[in-house]
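You will see subunit A twice below: alongside subunit B first, and alongside subunit C after that.
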Partner chain A sequence: MRTLRQIAIWVALPIILIILWWALTARGASFFVPQPAGLFSKFIDVWMGERLLTDVLPSLGRLAVGLVISTIVGIGLGVLIGSVRWVRWLLEPLLEFLRAIPSTIMIPVLLLLIGINDTMKVVVIVLGCLWPILLNTIEGVRSLDEVLKNTADIYRFKGWPRLVFVTLPGASPLILAGIRQSIAVGLILLVVSEMFAATDGIGYLIMNFQNRVAIPEMWSGIVLLGILGVMLSAGFQLIEKRILRWYYGLKEAANDS
Partner chain B sequence: MTASEEVRLHISGLRKIYGLGTSSEFEAVKRLDFDLHAGEFACLVGPSGSGKTTLLKMIAGLMDPTEGEVVLNGKRVDGPPEGMAVVLQEYARSLFPWMTVEKNVELPLRVAGLDKATREERIAEALGAVGLEAARKKFPWQLSGGMQQRVAIARAVATHPSVMLMDEPFAAVDAQTRGELEDLVRRVWRQLDMTILFVTHDIDESVFLGDRVVVLSMAPTVVQDDIKIDLPLEREQLGTHALPRFAELRKHVYEQVQFAKTNPGGIHSSTDERRRTV
Partner chain C sequence: MTTVSQAQAAVAQSKRRYWWHKYGPLTMGVLGIVLALLVWQVYAVFGPVNRHHLPPPTEVIPTFLRSLTLSEFWVAIGQTMTAWALGLAISIVSALLVGLVIGSSRVLRVWTHSTVEFLRPIPAVGLIPVAALLFGPRIGAELMIIVFACFWIIVIQVIYGIADVDKVARETARTMRMGQVDMVKYLVFPTLLPYLVTGIRLAATVALILAVTVELIVGTPGLGHQVAQAQINDSPPAMFALIITTGLLGILINFVTRFIANRVLFWHASVRGEVRA
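Showing the complex of A and B:
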């Protein structure tokens, strides 16, 4: 019942907005503002053909590689920094400094260093997506309940088993929250990196349409990004719900008592 | 089962000063010496803040003493030792919430490298002993407080420890459950031939459970009294509590704890010479 209502809310607001949009633009609007029906058919024309393979897929590929690298590096470094005090002491100021640098600012530098290719775009994505995962992992590892740490000590859990059975599951709620943030950041960085220097990809095409004053096409690209964003976050939420079933149950039990 | 003369746990000259070398230096434990023999069930009572948890953490190898040593089975403790299990006071927080009851009990066995068949046997045995077979597949947060405590006990028992430490394990459960858990601990102690050190601030509980009660003084802590509990081996809630001898022992322990409340280590009570001959 509750999920049904949630779905209704999810669907209702967009529908209302589309109707409003349709009503407001029905009698013709500015050249720069698209109409729903026109935009829809443009969307199908532009994206649901060959470009799915030549542009959308490469973009998603870069995003996926960037996110996977960020996750592996972020969790790996995060566990190390979070569990070894002197490493944390040593690296914390450096991390604060690096984090303050927006990764988009690195694009010109990376262009020079790496050139116009996929690697450069993945690096831009990683430079931005690493932080939420890294910082959340550090926090998650550090904030593990003292009593659980004592328990792990008492039963002499060390090394790999301790990592797999205690440290990572304990930090997983924060780690997954970090990954969720990274997905949003990654999508933005993907598009930005493709706008600067690319020969294919969603960002590249949107810029290209804009240069050619192909306004409805440009809008259709923006719609595509919106849809991708929603789908990625919804898909990730499903994964999160599965992995963190214990966490939601625990929270609910804590609220009840 | 009776205590043999074999020394299981040897505690000598144990001292703990918190914040050593800082302005907030605090001597929690002054000097503790006592031995636990194999198969003994000793209860540790003392006023709040008398350093019971501090002592337990040092014995468990979770904390280094400032001076002195703990020796388990002839080996000096310098980290959580093999053959020891600890049931912490915050039992609810000591269970891994991402694992089911059976996985919680299994994990220490798995990390210790026991094979699947042995693990299964131990899980069944331990959960059977605490009456929780039906809850195997549940998560800790789906259980009541008393059930969670039983899982923590089952996890400790399943490792077949030679020494089990318990820190006020029943402080937060209702009287009914408490009685059941007390019977349970006595039962597994006799079944598995363990040595138990049981911290409590409940005098009734210490007399009912132990075959020995060690009373600690206020901090800086020393052993205030060490009382042999000569009640029959078979104990049960109603009968044992009604024995005249139970009342005598309880009175004695009560007096010692009252005395301890106002006296830090070093001052001896008037009954000190009468130790063990109540």
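Showing the complex of A and C:
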């Protein structure tokens, strides 16, 4: 009963909203607003066929490569900057500036330097996704538990073992929070870079539909983006919960005492 | 004699250490920026990339300084910042209204949870084509995208903030027969404020990014459009100068919002801790 109630509460408002949407557009109210049934069938038509392979997968591939590179570079640099003081002093103002540049504005420049290809999109994604991971890693490394740090010092824990068993696990809650932010940023940058200059991909198709004033098709692309955004964020939350099980357990134990 | 010279050496060392502690970050920071400019210069001149496409800082910085004297440049900044400010203001007001309504009722909070969580991760940039169709290259397109993104950022903070009111404090207030107005003033508002400030700071950064992005893609007048123009005119130094401008604007926004946050939240543990450290 409880779970049933829970589910009812979860789906109630979305269902009401969809019914409202359906009722308001039933008479074909506006040129710009699609009808739910039409949008659904368009969605299947447009995306669940060949385009899944030719446009959706390449887009997701770019996003994945960009995110992996950002994660590796972000954690690597972050650990270095977080643990060595003079490196931190050296790079902090520079990073502060680079981070403040809206990464989308780099797209025209990268277009000149690299050209219209996958590398350009991956670079754009990395330029945006690096910052949340890098900054959170620095913060995580710096805010390591004092007792843990001292214990590791006393046992002469150094180099690789220290990194793998002390530093990275200690910083992992913040690092994962950074990656979660980066996923959202990466999706945005992927779409923008494809909208600005591409020959395939989700962003390119949405823009293409808009130019051809194919309104329902355009909306179906936006819906796909929404679904991707929700799925990526929900999927990563699951992974995060899995990796950080010990951390949540620790927090709960601390709250109980 | 040795002890005296040893003591002197120790004093000198500690003085050096003190100096290093005080001015080290500044010295190293400036050094870092100078080094980065040097690397850029060397790479641009001798690197494998076409020099025309990657101009060295010795070309970009004069272009940037020259643009400071052009009215066109300041107009573009004004246009971007107008969209930024308006979009942010609309988002704050609407998110505050909606967030307060949803947040103050447990039933509403539970019922809207799934919808809010679903709508939040939808990338606002997906709506750029819709905005372009609805508004064309006008400020409305920028506002629509900015508000769609920033509204969710702030509204969620507001909902969390209200929900975070300390149980004991609330019950104490109720036992003391505190009135509704005082309750909001002394209990809900101070709890909400740090969340709201965090949301606004995040939204301020996002709003700038989105303003520039919409200008770039839709062609709304502003800095982003200027970059696209510079690309069409084949003028990389101008593009880099504009990019530096947006970076400086981003830093300025960050700085101002941090300043305001510290002022407004001077009593909060996060700010007091910063001062002590």
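Assorted remarks:
Note that the second predicted complex is superposed on the first by the 244 of 257 C-alpha atoms of A that agree within 3 Å, B and C clash if a C-alpha of one lies under 4 Å from a C-alpha of the other, contacts with A are read in each partner's own complex, and residues count from 1 in each chain.
By our rule, contacts are C-beta pairs under 8 Å (C-beta built on N, C-alpha and C of every residue); 3 or more make two chains touch, one makes a residue touch a chain.
All values reported here derive from a predicted model rather than from experimental measurement.
Under the clash rule set out above, the superposition-derived model of subunit A with subunit B and subunit C shows the two partners fitting side by side. In the overlay built on the shared chain, the residue A:96 is in contact with subunit C alone; subunit B does not reach it.
Panel annotation: after superposition on the shared chain A, the angle at the CA centre of subunit A between subunit B and subunit C (CA centres) reads 80 degrees, nearest 10. Shared-chain residue A:24: touches no atom of subunit B or subunit C.
Ranked by how many residues of subunit A each touches, subunit B and subunit C are led by C. Residue contacts after overlaying the shared chain place A:10 against subunit C, while subunit B stays out of touching range.
Contact with subunit B, but none with subunit C, is seen for A:161 once the two complexes are overlaid on the shared chain.
In the superposition on chain A, A:68 makes contact with neither subunit B nor subunit C.
In the superposed model, A:52 makes contact with neither subunit B nor subunit C.
Minimum Cα-Cα distance between subunit B and subunit C in the superposed model: 5 Å. Under the contact criterion defined above, no residue of subunit A touches both subunit B in one complex and subunit C in the other.
Across the interface of their complex, subunit B is touched by residues 145, 147-148, 150-151, 153-157, 161, 165-166, 169-170, 172, 246-247, 249-250, 253-254 of subunit A.
Touching subunit A in their complex are the following residues of subunit C: 24-25, 27-33, 35-36, 49, 53-54, 110-115, 118, 121-130, 132-134, 208-209, 212-213, 216-217, 223-224, 227-228, 230-231, 236, 239-240, 242-243, 246-251, 254. Interface of subunit A with subunit C (complex): residues 9-14, 17, 32, 86, 89-94, 96-109, 111-113, 184, 187-188, 191-192, 195-196, 206-207, 209-210, 213, 215, 218-219, 221-222, 225-226, 229-230, 232-233. For subunit B in complex with subunit A, the touching residues are 60-62, 79-80, 82, 84-86, 88, 90, 93-94, 96-99, 107-108, 110-112, 139, 141-142, 159.
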